[in-house]
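These are the structures, in structure tokens.
Paired with chain B in one complex and with chain C in the other, chain A is shared by the two complexes that follow.
After this line comes the complex of A and B, so read on.
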């Protein structure tokens, strides 16, 4: 085990605590600052009339009559025990609601990332080793397109062409990877692959000019081995960083893609809950997403030492 | 016998005559079976009648549970459902229902009058904090029950196994509607509610035409036909509610045959209504909702009735319906849409007369016009309406600034009197008194009268109508109130929405429902070949 690793991990986990408190506090404050009373939203959907007595009972039932700081502290104390409370709308445990939807989010994230990495890294490498050629120009154009095109537009275009016109795949829904996961994964993966391709290209360009790469070539190594064994590994750190950030984003739920393809992920749960002022679910989702970000960032940081043995943890 | 040419011609003539006289081919007979798929725009979250009050919950629940009464969508009249008959006491405060014998919950037990009493008391139980409690909190004894001073609601009396008498503490002509249709009281079984606890809303048990099977969150809810339903087994075998949040995706699902029907929006209406292939399968009806801009009469310049009347005269509503709404609405006259029993065909409303609008503004002391904020929700559709209205108001001298916010925020602020105007759709009831409740001074504020409008004569007429059980008399009183309201113009009345659906060619039995197009009677629906 690298020296200093346990202390490094412990320090990072300790630092996570103020991060959790910070994100939940900001979310709590925002939900109360934003206009629109959760009681009105949940008790009077059509806002056709209001019921003061009913609103009072609702507040009592959910502890909303307590002072806001007390409500927040109670939430924190319960969350520390793993209890994220109950949804105002469904009266189901928040954690259960999130975990029910996480497999869908994880499947979409894995498929999208797979497409992004399998497309983006080779494209970026090719563009770098064939710099200033037609291949390089084409890959930059493709990457620009991928980054520029909005998710919802691409998703709806895929639905129209592939599902409605060609009838090759169903328009939307949740089910086995084939046929349901393909279009949402392409929709999400296209944009991500563009980002990975551009970063891979610029990172590789820096590395392939280094002396050790020239030395490797001079030693007579095959070009493929020079690129994959020497250049790519040294160019990997920024690529791993961006992939890590993207995984975190994907696992937080790709709201637009989930909505377009009726994919039942965490992003949709969060969006619906914000609209309905279902505070426990919003808090739970935010905490869940923060946990993912912190965990994945830690893994990314830990991977640096494996990629570059010069990196130490002290 | 030799057959000659003459014989052939005779045979041909006889055949032609026979074909001409033959009765037309009979239409396809209803077919049992099939998996009916329809869309919901978002997950219902709960199907517990005590906790649910959204349309997307009610359109599912109405298939799982029974209400005591129902509403015929063609006539808007109340008809029997779980209750085979009912009587109203002379003072109008007590309704006695007689339940059908032999109706069973999906768990097997017979539905009895005790279940009706339990269902009402559960809603009123303070620990439940039901959003539906206010529908029942005027029952005799309800307040004592809610205050935990009584163990039961004295106004709900079980007379025998199949009869229950329900007494209101006030006289309300619309009381019967609380038991009817998809917004009515759903009867639930006590033992299943107690066994399942909080899970009851996730695994509901009722006595309705369909039995709950499964619920995949944010994906679909599956029901199967109840073979023992008292009105006969539904024709379709399974009913699936697919949760499809994006309207464009829902349209793609319908076009690929993966949904049996679809509600048409402003954006999709023309495509199907004007397409010869789909037109025969489009069903449309004037919805029981009036779209309007509420005008806060306490905020200048809206304090002057002439300014409010000018706003109504300034807009060519028929033109906006044609252009901005692509004919998916009806130009208005009064408060009640044409599908409402109280619709007054003699009420003229406000003609498009920009000259008159400018004159009224000048008479009100604004010869150079006025400035006005127009508040509405952030939906693109509302934005288009507001821009259309803004153009006409500006031409008449009303310099209009559009402000869009989250719908909940707009309504909240309107109820508190913070904003001068707000865009809203109001209605949803065939009770004329209920429809006009937004104009009663006792409802000022969030209760519905966000215009802060007061007219004593309107209050008197509606109080009287509320205590009148003769339908024709009640309608006359409501129409008198409507005339006064239209004259006072606390609303800019914009249009009545057209509720429209399109269905697959092999689907039969769907009907136009002015109350809620999404609330279809699935017992009458079938899927042909």
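After this line comes the complex of A and C, so read on.
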């Protein structure tokens, strides 16, 4: 383990606390600036009446009669214990519904990240190693396409061509079988693979001109080992950083991809809850995704030590 | 020796310096393929938005029910939708919405980002701390997710899209501007201006602002594409523009439901989003290569 790592992890966790509290505050405030009265909107649907007595009962039941700062502190204390409240609709604990859907989202995000890395890094390396050739131009063009294509449109095109016309894969839905995952993962992973390819190319171009790469070649190492062992390892830090930053895009993109493919993940739960004005679930989903994002970025920071032992975390 | 010197001086074209520089920039700009293609795509988009009433052959919001889901043909180039409306006319008018959203969102991002970034970098201390912590919190949310949450709360409408995207788009600009200000403010010309008695306001406006123009232009151009994509995504999710507004994103929502029988409802609006976003991305990349080659990736 690199020197100073435990202290660094501790400090980094401490730094994440104010950000996390800020995130809960923003999420909480958001739900309280609903135009009109959030309760009226819910009572309408839930009790099919807007009588003041019903509304009062509803407020009391859900603790909405307390002053807003008190409600926030309660929300924060509960959130710290992993209690995100109950759904207005199903009265099921919010965290439970989120955790039920999370495996689907995690599978989608992991498969997309896998595709992005497996496509993006080799494409970037090839472009850098064969700089200024047709291969390089083609990969730059592909990357520009990948960055610009809206993922929901790409998803619709894939469904139309691969599922409707060719009938190779199921058009949408969620099954235990692998085929259901292929199209959603390509849809979500394409944009990220383009970003990774562009960055790998520029990062590799910087590294392959360094003296230590020339030395590795001069001592007779095979080109493959020079690129994989010496150049890529040194080009990796910016790539890992950008993957960390782009995970936010992956999480947002999952919401859209899940909608396109009727994928039963957290994003779908979020959108359904927005439609039903089930605010505790909306709040819970936003907080959950933001927390995962903060956690993943922490992991990215920590991975620097493994990638570059010169980093000492002082 | 002196005659050679004279010959060299004489061979120089007698152009005023700024004009020579402008020509050199122009020559370099024409060689940048991404800049050229980006400018053509964005130019086409602006032309479609401005000339929409003359280009669109049909009314974009009123259709003929007899023409329900007609395939693309000589009369309806991109086919018709479920209300018998001409998809081509709707795509052309959609350029106005996309461009409007992109411009409005980036205008607010520019105002907030440059303003807060300047304040943060110039004053430092608690002002800097407050602004940067706020940016950090907003940054801790995946951008589109935050916009979705805002839209969930304030309700779906195009106007609310401006607010939601404006609120989330300023952070990266503020960080870049802050960084640029920090780098510039300790330099001698700023110190000299201060020694000459220039006010803070004058230093910010006359000495710091011109130094952040290049990164700001690049980020804003790239940001317009991002904002257009975000609006399309929100509208696709039913959280943005509402019917019958011809927004490309909401056109795709309908397209999804009729993918098997009417694929043209999905193909053309999506293609319009793709080309527009690519146009702004290429233009932004090209401007970066032109204005600030050090930032090249």
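Everything that follows uses one rule, which is that the second predicted complex is superposed on the first by the 287 of 314 C-alpha atoms of A that agree within 3 Å, B and C clash if a C-alpha of one lies under 4 Å from a C-alpha of the other, contacts with A are read in each partner's own complex, and residues count from 1 in each chain.
Here is the rule we go by: a contact is a pair of C-beta atoms (placed from the backbone, for glycine too) under 8 Å apart; a residue touches a chain by one contact, two chains touch by 3 or more.
Source: prediction; values computed, not measured.
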With the two complexes superposed on chain A, say which partner A:293 touches: chain B (first), chain C (second), both, or neither. second
Which partner does A:31 reach: the first (chain B), the second (chain C), both, or neither? second
Partner chain in contact with A:100 - chain B first, chain C second, else both or neither: first
Given the touch rule stated above, what does A:173 touch, chain B (first), chain C (second), both, or neither? first
Between chain B (first) and chain C (second), which does A:164 come into contact with in this model arrangement: first, second, both, or neither? both
Partner chain(s) touched by A:259 [first = chain B, second = chain C, both, neither]: both
Output check: A:54 vs chain B and chain C. Expected answer is one of first, second, both, neither. What do you get? first
Between chain B and chain C, whom does A:272 touch in the aligned arrangement: first, second, both, or neither? first
So, A:224: does it touch chain B (first), chain C (second), both, or neither? neither
Overlap of chain C and chain B interfaces on chain A (superposed complexes): 35, 156, 159-160, 164, 259-260
The residues of chain A that touch chain C in their complex are 18-20, 22-23, 26-27, 30-31, 33-35, 144-145, 147-150, 152-153, 156-157, 159-160, 164, 198-199, 202, 248-249, 251-253, 255-256, 259-260, 270-271, 274-275, 282, 286, 289-290, 293-294
Over in the complex, which chain C residues touch chain A? Could you list them? 34, 133-134, 136-138, 140-146, 148-155, 225, 229, 232-233, 236-239, 252, 255-256, 259-260, 263, 266-267, 270-271, 273-274, 277-278, 281-282, 296-297
Contact footprint of chain B on chain A as seen in their complex: 35-37, 40-51, 53-54, 57-58, 60-62, 86-87, 89-92, 97, 100-101, 156, 159-160, 163-164, 167, 170-174, 259-262, 264-265, 268-269, 272, 276-277
Per the touch rule, the chain B residues reaching chain A in their complex are 42-43, 45-46, 48, 51, 53-54, 126-131, 133-134, 137, 146, 198, 201-202, 216-219, 242-246, 248-249, 252-253, 255-256, 258, 405-409, 411-413, 415, 426, 428, 437, 443, 445-448
